[in-house]
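Consider the two complexes below, in which chain A is the common component and chain B and chain C are the respective partners.
Coming up: the complex of A and B.
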């Protein structure tokens, strides 16, 4: 993808929906594009996380103790929980097919969010929604 | 107790959610927070009722109850209601005073206004929600 195509892709993702085009260009520079083959493990349960990932294309499965728990698709993101908490991931994240992601190195996530509050707010809403769902499952 | 703004600030700076905030931000939060005293057995918040505020315990003790299960005990310096700040949906749990309990209460909109001014506070809140999420999932698994 050339850089304007990456910007177009970013603009279509809800995490970045509140950013203007110049900010999206800056974001495209901060993240790096990466691709993974099917079956590749991107995060490892119990091991220190390696970064924050936003899915551009493809699907991943979230696997805990060998059991598939959730599927994430375009626009979804992962890796932020263990980075925010400073703890190892509680799940494996594995590419189902060819996977194309944006990657931000772990130590850069907090600074990135502080510089782009609208992205942080979207992430807050996402975590809040997941917290609601986790409680619904239990009760 | 009738705390002064400075006394409220002294409380707030020891609360994890407000760690690392500059003094002027802490002062704004302190000025907007109200002190409320609850008698023993009072429902400070009630599960299923729409929430619009954050509470910080400054004296006494309160119990977090989900359905008929005790989820946690809260004491001075601990806070609850942070999820409602983001989504203003029904409370996930009730919080019941176990003895006469004093809280600082902050309306969602006042906290949101401060979050918009200070990304550090937004990050602290994000971390607090992530902690709750991981705890909820751990509970679910065990």
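Coming up: the complex of A and C.
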């Protein structure tokens, strides 16, 4: 994908839905594109120094202690929980097939969210939704 | 063209064909020869050197070769400090570069680098069929067929070391008024000109740095803020050698660094207007200039490989690869050289490996060839036994001196495995991502890592019951020497479950 195609992709993702095109261009340049073979872990349970990822193409499975808990697909993002808490991930995120993602270095997430508050709000909504669902499961 | 009689590797069937005669192709061919695998090497170029036959534009590299270090130049340890020589096992073929440099800089000139690659090929007997252009690819049963300007080659496995070499610039309206980095002219021709450089990575800053003396004003612009390598603690970001324009911009010295996207370039008589839009508030900002140069990067010239299943990603169109640099979609197709930067590795704290540079790519190529010949030709790696009592010292010595671990931090590692019969074996240099993500016998791997504060330290990965479930860092050390009692004790505790 060239940078304009990445901008088009970003524009279609809810996380970035509130950004204008020049901002999306900057975001496209701030993230790097990465690609992984099937079976590779992108996040590793218990490892330090992880990053933030947005899926462009492909699927991943979220695996805790060897058990598959959820599947994430295009437009979904992962890695933010561990970065927000400053702790190693509590799950593996594993590529199911070939996987194509946007990557932001972990130490850059805070500055990125502060620079783009609408993205921070969308991320907060997503985390709140997950918390609500977890509470529903418990009740 | 060289006379036909002197040209090796006529079209035909070979176990392996290597395409390319830059550092990646020559290193891969050397490694194949060491393992006794017959192969052909073809290249469109008239002589070895790859990108260093032309670039960097200002004729000096930004990678070290330090002549005086604590280790003899003929040793493996010296490779740590010599980023530009290709790697050999024979002491007499090691450290080709320092002997060819004129002593005025620890950064070789472009001609010295080109000569270094040619000299390595000559000394190690790597031969290349030059002036043979790969033009297309097909499959024929279990063989790949390479169509070339000299005829067809057939091979069980093909190694493409064709660089990330094709100039790329975005098709912004008015891009016909924009020159690419590769078309930069002699510096004198920019005297008194107002220059606009698109891109704020090393190539943009290299141009700004090289043309500071001539240009009357320089604007560097791209959407993303520039970073400095001294802040990223890695080779990502602008290298120290090119920081002068940055300092000038801070002091208001005629250099301007903008965070803006480039929307359009218009010509008005002899001048150009670059219409930009600021990344922070979206406001338009037009800049009137005399010349625009795009330092926007390069793509992989993979021709029709995507038709064979080689999937590509990113602006550079890098192939999706395994951790051993084999195409995921088209097994049997391998990559060497700068293309290897498509294999991300762990990238802890966002710090990338050095696979896009010779000092990282040379080790990737050796590892790739080793795994290729093991998988396709049954040539087993040497895995010498290690005495239990010596494992800790072996690993700490590697963390302290291994050039692979220091030049490919958190990417390559030294591994020791406990076989089913209880024998502890030295697995040599391995891909760290492969080690931590594949099931296997109990094992331990050590590498060197940098964290977000810039602290450099050894990191240890222990695989038990088929899984690596955490990383463990050892303490850093002021002079990076980890052969201490404290490190021995800490590592001993980590490896004890493997050894007993």
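We take it that the second predicted complex is superposed on the first by the 138 of 139 C-alpha atoms of A that agree within 3 Å, B and C clash if a C-alpha of one lies under 4 Å from a C-alpha of the other, contacts with A are read in each partner's own complex, and residues count from 1 in each chain.
Here is the rule we use: a contact is a pair of C-beta atoms (placed from the backbone, for glycine too) under 8 Å apart; a residue touches a chain by one contact, two chains touch by 3 or more.
Computed from a predicted structure; not experimentally measured.
Of the two partner chains placed by the overlay, only chain B lies in contact with A:113; chain C stays clear of it.
Contacts of A:132 after superposition: chain B is touched, whereas chain C is not reached. Contacts of A:50 after superposition on the shared chain: chain C is touched, whereas chain B is not.
Residue by residue along chain A, chain B and chain C are tallied for touches, and C comes out ahead.
Contacts of A:35 after superposition: chain C is touched, whereas chain B is not reached. After overlaying the two complexes on the shared chain, residue contacts for A:61 are found with neither chain B nor chain C. Residues of chain A touching chain C in their complex: 1-4, 6, 20, 22-23, 25-26, 28-30, 32-41, 44-51, 66, 88, 98, 100, 103-108. Taken in their complex, chain C has these residues touching chain A: 170, 222-224, 259-261, 277-279, 282, 311, 313-315, 318, 320-323, 328-329, 342, 344, 346-351, 433, 436-438, 449, 451-452, 467-471, 473. Within the complex, the chain B residues that touch chain A are 66-67, 83, 86-87, 89, 92, 115-116, 119-120, 122-123, 125-127, 129-134, 136-137, 139-141. Considering their complex, residues 64, 80-81, 84-85, 87, 90, 110, 113-115, 117, 120-121, 123-125, 127-132, 134-135, 137-139 of chain A touch chain B.
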